[in-house]
Each structure stands twice: as C-alpha cells, then as structure tokens.
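Have a look at these structures, which come just after this line.
Across the two complexes that follow, chain A remains constant while its partner is chain B and subsequently chain C.
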Partner chain A sequence: MSNKHLFLNSGFVRAPLQNGVGRYVCQLQRIVLKFCKTHGSCRGLRDFIEQDLVDFAKQNPGVVVYLKPRRHRGPVAVAEYLNGDRVWMNLANKTHSEITKWIEVLRTQQGDIASTRLRKYQYTDHPSIQGPWTPFTFKNPELNTAVLPDQKFGANDRLPMSATEQLRLMFEKQKLEEGDVKTAE
Partner chain B sequence: MNKIALLARCVPLTTKLGQVVPITIQCQKISRWVAPTLMELKKREDKLGGKKVTPRNTFLEWNLEAELFAFGKRLNEDFDSDLLLEAFTDRSYVIKEEMKQKEMNIDIKVKDNRQLAEEGEKFIKEYIQLYLEAVLPKFPQEGVASIRQHLTSEDILANVSLHLGTKDIILAAEYPVDKFILANAFKAIVGALLQSSGEEKAAHFVRDFVVTQIQGKDVNEYWAIEDPWGMLTGLLAKDNTTVEPRLIGETGKNTLLACYRVGLYVDKKMISSGFGETVATAKEMAAREALKKIFGTEDHMKPINFKLEGIPKRTGHTRHQISAS
Partner chain C sequence: MSAFKRVQQWATFARTWHVFDCKWQDPYDSAQVIKKYLMGLHKPIYHPTNDCGDVVVCINSRDIALRGDEWRKRAYFHHTGYPGGASWTLAWELHNKDPTMIIRKAIYRSMKGNLQRRHTMERLFIFPGEDVPQDIMQNVTNQIRQLRLVPTRLDHIPEEEVQKYPKVMDYPQDYVLK
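Now for the complex of A and B:
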C-alpha cells in the first residue's frame, strides 16, 4: 500500500471546468473568518474586519463571507473552493496589511494549491502534434521520383562494414605499402 | 617505534570516524511516525464504520439565502430567488419533508425541481444541437447527435454542476449527493434561468459551461463509424466520383512489425492516406482520414468557436445524409 496520498496529493496545472473559455468564475465560494474579540493575536484580523471586510464583500458578491467570533481562540481563515477544496489558514499575529494580502491570495487561487505537488510545470492534452510515427513519416521526398534500384538509395548506410569490404581495404592498403617500398628503393 | 607511528597516524582517523558526516538526501521532511499514526487512525475510523460526512449546510456558519445570492452573482446571472431555491430542491428532500410534516400534523407545500429540470433539459438539448450544427457545419447529423449525447450525459452535467458549487446548496435527503441529483439540479438551474432572464441569457449560460466541455477534445471520438470505407464510397457516389485506394508504401512485410500505407485517390489526386499493420486497416484509416476532411473535422481544424451570440438559427443548406446511404 502506498502512503504517498496521505501527505501530498499530486496534480497537474489545470484550470477547473475550462474556466475562462466561456466566462471567468471566481473559484473561491465562501470564506469563514474565525476570531476572538479580545485575544491579542486577533488584532490584525479585527482591524481587517473593521476596515476592509465590507469593501471586500461588496467587490466580491460571489463569495459568501461568514464571521465566527469565538472566545479565547486564535484567528483563522477557512476558504472553501468550488472544486471542494478547503484551505485552513492561521492568521495569528498577522498585521492588517499581511491579512489583506493573504485574503487576496485565497481569493485568486483556484483550490488548495499549496498542498498539491505538481508533477510537471506544464500540461497538454495533445503531447504529439504530428501523430504517431510510421516508417513513412520522414521519408525523403526524392524517393518519389527515383527509379529503383538506385545506387544512391540502395547504398548500405546502417549495417557495419562487411568482411568482404574489410578484406578489400586491407588489400588496397597492402598494395600502397608495397608501392611505398618500391619508391624508397 | 614503527608501531607508535602507526597508532599516531590512526588517531586522527578514528576521531574523524566518530564525527557526523553530513549526507545530503533529497526527501520530504516528514517524521517517521506520521505514516504509521495516520494508518492506525484510518484503521480505527474504518472499524467505527468509515468516515462520517457532515454536510456543509448543517454547520453553524451557513446561510442559505446568502449562498443563493452569491451563487447567482458568481455566475454573473440574475436569478429569481424563489425559482433558484426551487431549482435546488430535490424530490428526495420534498418527500422527507412531507414525512416530517405528517408526523407534526402541519402541511406546508414545498415545490421540487422536477418541472424546472424538465424544461431545462429540453432547452439544453435543443440549444446544444443548434450550436453544434452552427459551429460544425459539415459534420453529419449522426455525429452532431452523438456529441450532443455526450455533452448532455449525466457524468458531464454532474461534473459541471459540481464545479459551479451546487453540491452544498442542494436540498436533498442524503449527503453527499449523487450524480443524478447534481445533474438534475443543473438542468433545473438552466430552467430557472430560462424563466427569470429569458432564452438568450440561458443559451449563453449553457454555451459557457456545457458546450465548452468539448474544448481541446477530438470531436470525431464521440462518433464511432462502423464502416468508414462504405460511408466514404457512398458519399462520393452521390457526386458521381469514385475513389481508388493504392498501396503507396510497405515495410517489414511478413514480420510482426509490418506497416502498410494506403493512399486514396480521386481523379489521380491523393485525398488522404492512412497506415496500419495490414492493408485492410491502412485502407480503413485512410477512409477515416478522408471522411474527416469531408466533414471539416481534421486534426488541424480551427478551434471550435465558443463565442457565438444568441441562439443560432437552423441552417437550411444540405448536410451530409449518412442514414440514407
């Protein structure tokens, strides 16, 4: 049994549901901000709620925002996405501006990106453009008009040297050497 | 003397051996206890009857009205809120509610989405048919019908529905909801949009979310042609032309890796070629290739246009009739 899936899911870079081909749909469907009204680490989140939350909700009417005050607990944002992903984010001791940026990250991502191991940094449905290779794929077009058998196309260009050829070369070499001896005399 | 020198030499070596040599191993930094613990937890969970699913709409932070509002806004559509709620009400939920009400002796009528789904389904089918006819003008009726069947299948509609975020909003008797309920809810949403915003809006909705599912797919794959050679000769016979298959290449004859290439010629001009491990397959592949050319669905066809406005009109011009031949 493989335990890999228990830790980190793997995936490819994909847009969910051809998003953007027809129209763009913001993939964040709801966000729950959990905070304490007195806890010190919630200061940043409280500031965010007081100053920016109404604007955020107005600008993103497609995102349902829930506020959940809880006594003496740390601040947390839970984002839920259309593909069913749920991202839990600890916001303890984060400043107002940091939280604004993190919420922007949650809004613009399409799912639980951080806990996915990308198998590749690119993805294609069509790994090959030309189709399967056949022996005729890169055939020399000269062959179409050649009259066969032809010296050029019939030449051996893939097998190793034959024994006959080797013997012939040796014979030539020997003849040359003999000639050398003669000239030296 | 010699022995002492040897010992002295070995002293730094032995101390060096004691040191920790940093070895760089590429691995995830997950402690060794994590996997066994998670496996044990999973075992205990299974022993107690599997993972318990708590539906999102039973949470404290759940507001159905806000969810329905956001659903429309997210998709850039203006839904009538009552109709939208009706579209999300499944039959199973209504039955469960009626049982509850009977026990408590009250009677509040709750409408389910069956009628909306019926209307929506009818509209989706008609519109997709017209749209495919408009964007694939040379593709035969049978092919268009099979693509439409694929697009309106339960799997595709359920997937679309899931990714629009209906999973949590649907009112059903049991959670998680199954594919049929998801697909039905999507049809009902189209029906609701049809009633609240009119045909054009509903058409664009179907185009953007359903028709785009064939983006990047090979349209020929949805239509299985039994006898491509017969179909090709039948089509060409109507134009009084005959097609001539010729063997234009063969390698590895009488071996396991034999490969033949057949070209199809009309008036001494090659219209297509195909290859295969026997001459018959090569001929069939060539015929398929020729049919793709005739239907305008070659591998290098222009991408399908997903931006057609309004509802395309039924075109009067002649479409290849396959069933007749």
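Now for the complex of A and C:
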C-alpha cells in the first residue's frame, strides 16, 4: 500500500450471503448506458447497443437496463449493485468487443471491488481449527510448577557434547565391559 | 464479542514475563535474544503495530562476560552538550559504577532507533544479583535459555564426584608433583 492509497477503502474477499453456494443471485441491479448518437468515441457503445443489448437484457432479466442518449457527451456506463455500490465507467473510444467484456465484468462482479484494497487475498470464516495461539501454546507443562530461575530451563541445551562428558560416557561403557577401571585419586 | 472471544483475545495478547540469567553471558549476543522477547518478535502474532511485547527480567547482570580484553578496550561515550563535555568511560569503569548499565545499553543499541524503543525498554528489568523483588518474580512464567554454557569451577564440584572421574593416564615415576 503506497501513500496515495491511504484513503482507499480496505476490505476482505467476501461473497455476500454465500452467493454461488447453492444458488446465485446476480448482484448487478441496474445498468445505465449513456452515449451520444453522433460522437465518434461512442462508436463501440452504439455497436454494442445495436447488436448485443437486447440479448443481454433477455439473458439477465434481473438487471434493469437504461439507455440515455445524450447529445455531445462521452460514452459512460453506470452500474448499481445490490449492496448499494455505484460504479461509473468511462467507455470512450472502446471497441465493441472491449465493451462486451467490460459489461460482462460489471455484470459478474459483486460490487465496487476495484476501489477496495484487499487486506488479504483469502478469507475464511474458520481461521483456525486448533484455536488461536496463546503464550502457553506448545509450552512445556513442567514450567507451570517450576520455581524460576532454574538452571534446567535456563541453560543452553543445544550445545554439542563436551569432551568431559564424552570421556565420562566412554568411561561408563568401559566400566560395564571390564569392571575395574582406574579413577582419579 | 462473545464472552469466549473476549477471553480468547485476552489470552492471545497477554504479556508473558521472562527471566534471563546473565551469568557468564556475552551482553551483546544476549541482547539479540532479549530484544526479540521485548518486542514480541518470538510470537506468531507479531506485527509492528500491535502491542505484543513481553517483559524480561535480567538477573545476575554483575556476572556478565565480555570477550577478549573488551573490559579494558570498549569505551562508552557521553557528551553533556557543553563544550569540552565529552567523556569516554571504559567498560570496566562503567560496570563498577553501575553493573546493570552495560547490558541495558547493549539491548538499547540492538533495537532500531524509533519512537517505540523507549517504551520497549520500560519493559526490561535488570538486577545486578539474584535477589529480585517478590512482586516482580511472582509474574515470571518462563525462562529464556542462555547462549553459553556456564562453566563449573573444580572446587564447586562435590569431592566424591571428582574422585570418581576417570583417570586418563598415570604420572611417570620421575614426575614431580607440585
């Protein structure tokens, strides 16, 4: 996140009411296409309206489609969603196929997701099965009754074996095999 | 927030008190370890903006061990701010004046110099000896492992254990024992 995104809303990846699990409710409520009948930058949008708009409206009976011819204005699509989001999209100089894809994006997205910064790229209702970490997770239970400071818990236990200890072990082994071995006086 | 979630939150963010025995330890190496506990870097929930640092109680700071001849060579600089106010104190002098100062400065220097550092240092207790006030010691639930093995002196080992130690070789006949 850079400084220019300080005022960007942040959120998590969510599906409203578990949308798509069992049934799917199209989150796009209303789409308004504003265009000019003569302006060159509206060419693609006009093509889309002539060729694909009726099919689009038939295939999506839940979406209200408005057309607003506005003289000498750029082409614009405004989409409104069930959660109240309103997405304004400039379609100037976009070709017919580009506009088909952008309208598909507006139809399938959950809301104004482009203007939210995702805090994480994954979301779960059950973040942990074994429960959140606490300071006592994975702790030695002997510490509960230990009187600290104790050399047993404080000494470094990851050092390699010292020569003294090694010699003592060899001595014990030899004692088991031979029986009588010399010790220091 | 349900009662369970509230207790869960309280348990996860509870401050733990650790004790660290500085006996025979290098303060500059130990500082790298103690710093992690003070800042909460040892926790899986660590994040710079969450307040998850622990409290560390250092004991036996009088018995720290410096490397080589650092007691004589290492100097601590102080400037009063006035002209000619600079002073250099050698490590052994500083240790004689305040036996907690060397380990405190080592931990302070090991952390990044930001605004949080002073507050993190407030969570550090250093005692020159073994005796720690009871109200501090009763909170301690964990001990930080030392970095170096504390050597045992021969005259501190029980007599019979010394007697039982294996004999590697015999002295020659003409060897003169002192």
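Criterion: the second predicted complex is superposed on the first by the 122 of 185 C-alpha atoms of A that agree within 3 Å, B and C clash if a C-alpha of one lies under 4 Å from a C-alpha of the other, contacts with A are read in each partner's own complex, and residues count from 1 in each chain.
Note that in this section a contact is a pair of C-beta atoms (placed from the backbone, for glycine too) under 8 Å apart; a residue touches a chain by one contact, two chains touch by 3 or more.
Source: prediction; values computed, not measured.
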For this session: Give one of first, second, both or neither to describe whether A:Val76 is in contact with chain B, with chain C, with both, or with none.
Result: neither
Exercise. Looking at the overlay, what does A:Phe153 touch: chain B (first), chain C (second), both, or neither?
Worked result: second
For this session: Examine A:Leu106 and indicate which partner it touches, taking first as chain B and second as chain C; both and neither are also allowed.
Result: neither
Exercise. First (chain B), second (chain C), both or neither: which does A:Trp133 touch?
Worked result: second
Exercise. Which partner does A:Cys42 reach: the first (chain B), the second (chain C), both, or neither?
Worked result: neither
For this session: Examine A:Val63 and indicate which partner it touches, taking first as chain B and second as chain C; both and neither are also allowed.
Result: first
Exercise. Touch check for A:Val87: first (chain B), second (chain C), both, or neither?
Worked result: neither
For this session: Would you check which partner chain A:Val25 touches, where first means chain B only, second means chain C only, and both and neither mean what they say?
Result: first
Problem set entry | Shared contact residues on chain A - chain B and chain C | 131, 134-136, 139
Problem set entry | chain A-touching residues of chain C, taken from the complex the two chains share | 8, 11-12, 14, 16, 19-21, 43-45, 59, 137, 140-150, 162-168, 170
Exercise. Contact residues on chain A for chain B in the complex?
Worked result: 3, 6-8, 16-18, 21-23, 25-26, 29-30, 32, 61-64, 66, 68, 80, 82-84, 125-126, 131, 134-136, 139
For this session: Report the residues of chain A in contact with chain C in the complex, numbered from low to high.
Result: 131-136, 139, 143, 148-151, 153-157, 159, 162, 167-168, 170-171, 181-185
For this session: Under the touch definition given earlier, write down the residues of chain B that touch chain A in their complex.
Result: 28, 30, 34-35, 38-39, 56, 60-63, 66-67, 69-71, 73-76, 159-160, 162-165, 167, 207-209, 211-213, 215-217, 249, 251-252, 259, 261, 275, 299, 306
